Each structure stands twice: as C-alpha cells, then as structure tokens.
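What follows is a set of structures for review.
Shared chain: subunit A. Partners: subunit B in the first complex, subunit C in the second.
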Partner chain A sequence: MQQEIVLHVKNLSTTFRTDQGSLKAVDGVDFIVKKGEILGIVGESGCGKSVTVQSIMRLYDEKKTVSYQGEIFFENKDLLTLPYKDMKRIRGEKISMIFQDALSALNPLMKIGDQITEAIHIHTKADRKTAIAQGIEMLRQVGIPAPEKRFYQYPFELSGGMRQRVMIAIALVCRPQLLIADEPTTALDVTIQAQILELMKRLNQELNMGIMLITHDLAVVSETCRRVLVMYLGQVVEEGTAETIFNHPGHPYTKSLLESIPMIGGERGQKLRTIQGTVPLLNQIPAGCRFAPRCLKAGERCRREMPQLAPFKNEHCVRCWYPNESDGS
Partner chain B sequence: MNEDRQKILETKHLKKYFSIKDALGKQTGVVKAVDDVSLTLHKGETYGLVGESGCGKSTLGRSILRLFPITEGEVWLEGNDISNLSPGQLRPYRKKMQMIFQDPYTSLNPRKTVGETLEEVLKIHGEKNRTVREEKCQEALRTVGLRPEHYNRFPHEFSGGQRQRVGIARAILVNPSFIVCDEPVSALDVSIQAQIMNLLDALQEEKQLTYLFVSHNMSVINYIADRVGVMYLGHLVEEADTEELFSNPCHPYTQALLSAVLQIGAVRKERIELTGELPSPLHPPAGCVFHTRCPYAEQKCKEKPVMPRELSPGHFVACSLYGS
Partner chain C sequence: MKMGYLRVQRILKNRRIIIGSILVFLIILFTLLTPFIFPEGPHVMEVTERLKAPSKAHFLGTDSVGRDLLCRLLYGSRVSVGVGAAVAVITMVFGLIIGLYAGYYKAVDNIVMRICDSLKSIPSILLAIALLAIMGSGIGNVIISVSIVYTPDVARIARAAVLTAREQTYIEALEALGAGANRILWLNIAPNILSSVIIQVSFIFATAIVTEASLSFLGVGVPVPEPSWGNIVYEGRAVMFQAWWLVVYPSIFIAVTVFGLNLLGDGLRDLFDPQNS
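The block that comes next holds the complex of A and B.
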C-alpha cells in the first residue's frame, strides 16, 4: 500500500548572498516525507541540514540575503512560490517546527499556557475557554505532570526536559501534518533524551503525521527513524533505510563517520578511525566529488567529475563513483 | 598491584558548597555541589567522571585544581596537601596540574595570537628568555599536530578541532603530570572528536600523563577511561574499573544511565525509564540522594544516607541494596 506523501522536495538549492560572494549552502536536495514516518537527516555541522529545513519553512530574509531554486510541494502547492500571507498560515498550523534550545525558543516573559493558546488563536476561531482546554489537554498528551498548574507557569520554572515537552506541545497543538524537529534532544541529558524520543515516536503513531528529525547524532537516528538521509556540504550523499545505512553503508563518508564513533563494548585502547582533514568552507568547495579530498578511496575520476545520487540497491541511493560493495547482502 | 603505582592525586572527603545570597548579601541557602567525594588517581591513569548536567562533575574538577577555595576536605597532589595553600604558595603546583576546557571557542582569547596565548603561560611560570619561550611553544604546537605558521594566527582562523588542539598545547606546555579534561570533545563533530581522543591517548602514552576526564557521554568514557566514577547530585554513587562498571553496573542510577544510552546496531536493551527529573541541589532529598527517582527505593533509603561499600576489589557502590 502506498503511503500518502506529505512533502516532496525537488532539487532544492539555497544560496546566501554574503560579503564573500554567494554561498550555496544547500545544493540540489531531493526527498519526500510520507505520512506517519520519521525521516532522519544526519550530517556534521555545516553540512546544510538546518538550512534545508529552514528553507522549507522559508525562515530566511528573501529580500536581502537568500534565494531559493527548486520546488517544495506540500498539499499540491509549491511553497517557494506562495505569497508571504499564505506561507504564514501554513507555518505553525500545517507544518511546525521545534528547535534545539528550548529555553531560548520560548518567550521568557509569557506563561506557558499563553504561548500554547497563542498558536490556537492565530490559526483557529476557537474561543478562550476551548483554547485553554485544548492547551491543557496537549500538555497532558506530551507527558507533563499536573498540566493545570504548569499551564500558568513561566519557562524558567521548568526543567530542560519539561521545556522541550512544552515546545513539542506548542508545535502540535494545531495538529500539523508535518513536524520538523531540529536537533530536539542535543541539549538534553541521556535519560531525558530517551524520554523525549519515546514521546516523539508515540505521537508519530497516534497523530499519523510526518516527522523530519534533524540531528548530528547517528545513534538517535538509528533508534527512531526508518529512512535516513546523510548530508555532506549541502548535498545528500546517501539515502536509504536506517537498517541499510547503518549495517551496509554505501558511501565512504557514511562508513567512516560510523567507524569514528566510540562504542560501548567496542575495542578499548584501540585507535579510533578518523576522517582526515575537516569539512571545507562553502567558498572553497572542491571540484568533482565534494568528499574526495578527505576520502581514502578517491581516484582520478572523483577529483574531476561530480557523481550523481544514483540508485544502488533497493531503496538505497549513493552519491559515489565507487560505492562500497558491502559485506554479504 | 595498585599499591605500587605512584599516587598522583587524592581527594579526601572533598566538599564544595556554594552559598546563595539575596540582594542584601544575607545567606538564603546552600548548594552542595560536591558533597564528600574521595577518589585516588594513579600515574598514567585516566579517571572518567560521568553524570548528567548539574551533578557536580565540573565543580569537582575545578575544586581539585583549586580554581576556587574548597569548603572542606583535602586535596593531595603528588604527596603534598594543597587544600589550604595561598595563591602564591600554590603557583609551583599549578605547573603540575592543567586543564583542557570544553568550549574551544570561548576558552581562547580572541584578541591574542595563538603564540601570545601560549607564551603567556611560560611567562607566568618564570621563563624570561623569549627565544626559549618561542621554541617551547613551537614544540608544543608540533606535538598536538599543528604547523609552525599557526603560531602567528588568531583563534578565529581555526576550526573547532584545531582550537581544541591549541587548548591541549597550552595545557601540556609546562609539562604537567595531571590534566583535568572538562568535556574536551563534547563541542566537536564526531569525526573531529575521534581525532582529539586519539591525540589525548597518544600524549598520555608519551608523557605518562594522568587525566581526570569529565564527560556526560558514556561511550566516550567507555573508550578512554581506565576507571570510572558516576556522580549524582554531588555524590559519587559508584566507582569501578571501566570494564567492570560497564558489564556489571550495580547502582540503580548507573543501570538507568547505561540503559538510556543509544547505540547503533546494538541489541535493544530493556530501558529503565527514570521518572521525574534531577532534584534541585538547593534542596537535596534526605537519605540516599537518588531515592526520589529510584525504582527500588524503600523506607530506609529515605531516612539515612548510604556510605560507599566495596563489593569486589575496586568496585564501590553507595546503595542500600547491597547492605548498609
């Protein structure tokens, strides 16, 4: 059975105009998000994962700094051509977003309850009473104990995990079809991280929405997502199911990234495998394959020609001239 | 075996309390950030200190370095009691103990070149000859894998990993025997994190360094540490050799912490979900500090504090499940 497609991003590029010339932070990204699935996007800092999702929400200043190419289809409309007024109605109602640092994303001068009902008042015609009831119900749903009391408290009175739950409640109160979570657990402790990821998985099932989970932590993705995109320097370098990517990575970048993580129960005292060099700056993008200067397998062709994201095996695409013919399968 | 090895650092019942004052300077409360912690580090060993944010692990590291006065207890460095020395008396010992900070972006002075930052350390420790200073700094840069031309550059010209290398160069410049590494890889990307951990490992081997490695990341600790201490609300709740701790965690908090760690490709363990959050250190629970979140808590846990017990050689647990 074909799952319904919520979001279809086609050949998206985001270019920033800066003093150093124009920088293409996202370069030709394609993907889809289906209803009821969690799609993971992973990569190191500066690989364009946050820019990709903020482009979907069109959060950048389009008059001065940024220009988009490509198409983003949501409900049969191209978000990139929508007038600003219509875009405003989609944000928070149909697509909402949660950010990494809940303390700075919440308004410190507003009570939790007012911040939740604000979204309801903007997007629906609900009266005050219904909005409050909905808000309290939402807080209960994200697992906040004594929601009637918390509703009237300020963000500083809550712990980090609770604030992140409030953020999720605000994002979900209008029942969006798509939730974008940008590093939702990075600022949290492991025990709290586990609670929040469980919550997101549960809500994903209950509300049947699409979730995009952006993170640099491969373990978080392996725990929560079914499909994964790996990004490097503004491009998708590998796409596939979490199982394939973590067990049989096709791209040398994914493979070395996985090898450089210390594992509990792994060989201690052994040298960790590393990736040589660092991620180049956006104004120093190498010709040919962008990973070639750091790749151990790179050959003459890699330095000359850019490979395309090509189907490798079932549901598994790799952007590499010489993908790993992996063990067994 | 442990007895023959040289003790580099020892803390005895170390306590660090911060007093909370109101606007008029009247004391209104006390935060017990580190409460009665005793630990011993031997030469060439890495002691990993884990715990969630707010458990006092960084405060412990800083108290040991005497970055602020300690409330009670003793710190012994290479057989000398340094807990009550004045700043002047402490200076010779400062050469023996150094620190690597978490955030390489804020721990380097943005208006000084790397060379100036490094030379400052030698100036403070009385090296008057400029050529000697520069030579020593160049050598430290080489040791941490930076190039000579980096000497005249400013921090903003470096990537995060390179800045952390500068931080390490600054720490090893005076040939210390003991380094506190406070979350040195937490701010770095995974591929860079591995490079820095390999570097710390190689330096330890070469110079026989002793590390106190503070981190919240269990897999990093598992990789780098020889012994591990788990902290909760200012208390050391469990301590053991790394393999023992990870294969046989005894304290309910350690068990929950380990079960919450996400691992790629690992068999899904039954997750022990801790209810609630870390209590405020301003009002720590009476008795065992963990009893408010502990799945096995009984009446006696709420009444009297538990003392650490040695379960097997070198494995200490502070929990009444194992006798009190």
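The block that comes next holds the complex of A and C.
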C-alpha cells in the first residue's frame, strides 16, 4: 500500500549557540511521516526528540540561538527556508502540536471555549457563531461529555485527562495534516493514558492525518505506533516497525532500553537491568559510535569510526557496526 | 452562582478593601456633589469675613480674602482627585503598552527600559518641576508631567509580569498554533498581568495626589485662584499662626484620601494574590 507522504525530514541538524560553544542537539536526522500513520520517536531524556519537533515547528528564536541545516519538506515546500509569515500560517492550521502538561499549556484565565475558537479565528475568517459551533463539535469529537457545558468552563475546573482532550481539540480544530504530540500522556495516570492513546488512534484514522508521537515510554509506542524511530544523542540509531523493534531490536541501545523495563510478574528482589552511565553532554560527544562508551558489545572499531544508519532487514535500519542478529528473524 | 458568592465573601472579609473603598467612594461622591452643595463656586469673597475660625456659618472657617474653606476644599478635591485619576489612567495605559512590548521584544526592552531607568534616576518631584518649567503650569500640564514621572513604575511592573507570563507553556502552545505577536500580547498576556498593573496603579493614584499637592504647594502646580489642596496649603502657610485651619484641614483631606487609596490598593493586592486564598 503506497501512502502519501506528509512530512519528509532530510538530514536535519539543529545547532544551538551557547556560552560553551555551539551544541549540535540534532545531528543529521532523516525520516518521513505518512498520511494516516503514527510514527513513534523514543529515546532517553536529552536525546533530541523534542528539539527535532520544535525544529519542525521552528519554535526557537532564530535570530540569536539556533541554526538549522538540512531540509524539512511539507507540501512540497522546505519549511526551513519559508518566510516567518508563511510559517505562522502553517503552524496550527497544517501542523499542530500538543504538549506534555495540559494544565500549563492552557491559559488559566480563559474559558475552554474561547481557547478553541481562538485557534479557529487565527486561521479562518469564520464568524463567532460558526466558530462556537465548530468548537463544541470538536469537543464532542474528542470524547468530552456535555461539551456545551464544558465549553464555558475554565481549565482548572477540568480533570487532567479532560484537559489533554481539550488540548487535542484545540490542535485538531483546523484539521491539520500533521499532529505532533510531545509526550502527550506522560503527565497522566495509566488508565487515562490508555484512553488518550485510543482517542489519538481513532482520530488518526478518522481524519487521515499523520501523527508524530514523542515519548520515552516504550509501552506507549508499542501500543500505538506502526513505525518507530529510536534516537540517541541527536541521531537516529534505529528505525523500523514497532513489531521488529520490540521483538528483534538490532541496536544494542534499543535492546538495553527494552531490557530495562520492569515487568509485572517478574521476580521480586530481582535486579532491574539498567544502561550503565548517563547520556553524555553535548559538548563531550565521543568519537566513533556515540553509544560506544555505554555499550557492552563495543569493540575497537566502535570507538574509532561512526557507523551509518544502514538498512539491516526490510524496513529496518540500524546504526551499528555489529547489529544484533542473534534473534534471527 | 457559587463562584460569585465565594468571591463576594472574600471581598467582605477583607476589611482593608471595605474601609478603603468606603473612603474613596465618599471622596468621589463629595467631589461630584460639590456644585450642588456650593452652587456659587469657590471664588466668592466676603471681605468682612476674613480669617474667621470654623463656625456655624463657615464650617471650616475662611481664608485671608474671606472665601469659605470647606467650599474651596471641595472644589479643590475636583482638581486633586481629578489629577490623580487622570494620572492613574494615563500611566496605566502607557505603562501597560510599554511593559507589554518591552517584555516581549528584547530589542524594545533594551531601549525603552533604559529610558525608564534614567527617568527613575531623577527624584520624582524634581523631574516634575523640570517638566513643568518647560511646559508651564496649569492642570493639563500637571497631569502630563506627573504621568511622565510615574509611567516607568507601571511599565517596569508590567514588563516583569510579561517576562514571567511569556515563559509559560500556553504561550508556546499559542505560538505553535500560529498566533501572531499582537494576539498573544493583547488577548493572552495582557489579561494575565492586569492584576499586578491595577495594584500598582492604585498606589500611583494616591502618590499622584500627593505629588500634585506638593507641586501646587511649591507654586509650580495648579495656579491660584483655581483651588487645589496643595495651593490652599500654600496660601494658608503665610497666615498659619493666625489661622491654623487653613493648613490643617487641607492636610487632613490629603491624608484621608491617600490613606483610603492605599488601603484599597493593599486590599486589592491581597485579593489578587493566589497565595492568600
């Protein structure tokens, strides 16, 4: 099945200029997002997941702190070279974003309804009445009971799950083609988390848009995404279908990540596997493979030469000199 | 409406707000009613009644040319409170505009806030006198000069509040929605910082009344014979030892007004402070 490509990121690098010199937070990232699919991006804190998506939205102050290399194609246009005015039109209308903490991402002094209609007013010339009708309809679509009543309430009157639904409603009210969800369920408890993921899956099909799901929670990814990108220190280290990545991880980093998930029903007192060390600082990037200092399998070559992201099996790419073949799929 | 009821309860429990607003209300009421109480105006002189002590005919006595002090104080309150109110409104509008843009745009910030700093480095009375010396005296010019003196205070408060507000995730979320700077500033940041600005402005209202009185007392503010609390004290100073009431009563008027406004400001600050609920 050939799906239409919504977003094509080509060799994207994001560099921050700081007092300690320039830091390359994202280094040569490539990926595509297709219509009607959910792409998961996973990795530890500080591996460049959020920077990648913020770069797509160009939310950083470009005059001073940040510079981009590479290309981000969306609707046959390179977002990185787009004038600021056109970029503003794309934000929220064509590409939307939802954030981790829905409470702080909503204006505490504005009613839910006004915040939804604001999104409509920014991008369309709809009059007040139409906007209100659209807003209430959108609230119903994200599964908020009694939307006519909620519409006139303030964020603090809603529960965490409801607030995240409102965030999603605001993001989707203009029917974007791409939704970027930056850790949308991290602040929620597990049952609500499942509901929100279910909702995102449903809307993904109903509205036929692309979704990028950023998370550090592997369970969330396995439940939601078809394709997964694993990032480490600003680079994609492994890419493949969720199935392959979870059952036959090729990169030692992915393998260690999976091994460090605690299992319900595992033996009490058994020591949990961890990845030794921490993610190096961006100004102390090791030569060769970036994961080598923490990798159990690292050899001489890993410390010298940087491996490329290479096709491993079909639809499965790994950035490693010695990808894990033992599981043999 | 449970919310509304709770809010009323909170206001009623706050004694400062109650006392402050009663005082301010009474002063404004008298100011508005003055033309009906003394339809003949503040300039009627009765030469035979010069420097009379407070009596039934003249509640607060008369001044050196036989004008009724109470009448002049009430008419004076129209000037003094009027100047205070005008300054409060002007500083609020300009302070808010300056603060919003300075807090949001770094380039504006550097220029505008340095100008504000240099204005604040000059003692306020001196600056006001200097401005009046350039523009000449008169009620309008007093309002303009006192506003120039106090706008930086509001601007600074507003800017600080904007700096905190703009780091909030919901502002980033708005940017991600494609909202323009003006929409973010006026529809989203401004309402959130309004409470701190209003509190500051309520204090400036009081300070402006004192400043106007000081300027008029020094003879550079509202020119005689137009009465203001300041120039009534200025005129009374010469005959202070024969007619104490000419200095004491206007001072009480000023003190009570400023006290009331400050109480109101304190009360508002407590009311708006989320830590206090």
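Methods note: the second predicted complex is superposed on the first by the 325 of 329 C-alpha atoms of A that agree within 3 Å, B and C clash if a C-alpha of one lies under 4 Å from a C-alpha of the other, contacts with A are read in each partner's own complex, and residues count from 1 in each chain.
The working rule: a contact is a pair of C-beta atoms (placed from the backbone, for glycine too) under 8 Å apart; a residue touches a chain by one contact, two chains touch by 3 or more.
Quick caveat, the model's predicted, so the values are computed rather than measured.
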Overlaying on subunit A: subunit B and subunit C, fit or clash? fit
Just checking: does A:G265 make contact with subunit B only, subunit C only, both, or neither of them? Give me first, second, both or neither. first
If you stack the two complexes on chain A, which partner ends up touching A:E71: first (subunit B), second (subunit C), both, or neither? neither
Value for angle(subunit B, subunit A, subunit C) over C-alpha centres, in degrees, nearest 10, is 80
A:R89 in the overlay: touching subunit B, subunit C, both, or neither? Say first, second, both or neither. second
On the A-aligned overlay, A:N247 touches which partner chain: subunit B = first, subunit C = second, or both, or neither? first
Taking the superposition on A as described, I'd like to know which of subunit B and subunit C A:M110 touches: first, second, both or neither. second
Tell me the contact category for A:S45 with respect to subunit B and subunit C: first, second, both or neither. first
Most subunit A residues touched (candidates subunit B, subunit C): B
Across all Cα pairs of subunit B and subunit C, what is the smallest distance in the superposition, given in whole Å? 6
Across the two complexes, what residues of subunit A are contacted by subunit B and by subunit C? none
Could you pull out which subunit A residues touch subunit C in their complex? 57, 59, 88-93, 96-97, 99, 101, 104-110, 118-119, 122-123, 167, 170-171
Hey, which residues of subunit B end up touching subunit A in the complex? 52-53, 159, 161-162, 189-195, 197-198, 201, 216, 218-220, 222-224, 242-243, 246, 256-258, 260-266, 271, 273-274, 277-278
With touch defined as at the start, can you tell me which subunit A residues reach subunit B in the complex? 44-45, 159-162, 189-195, 197-198, 216-220, 222-223, 246-247, 256-258, 260-266, 268, 271-275, 278-279
Going by the contact rule at the top, pick out the subunit C residues touching subunit A in the complex. 168-170, 172-180, 183, 187-188, 191-192
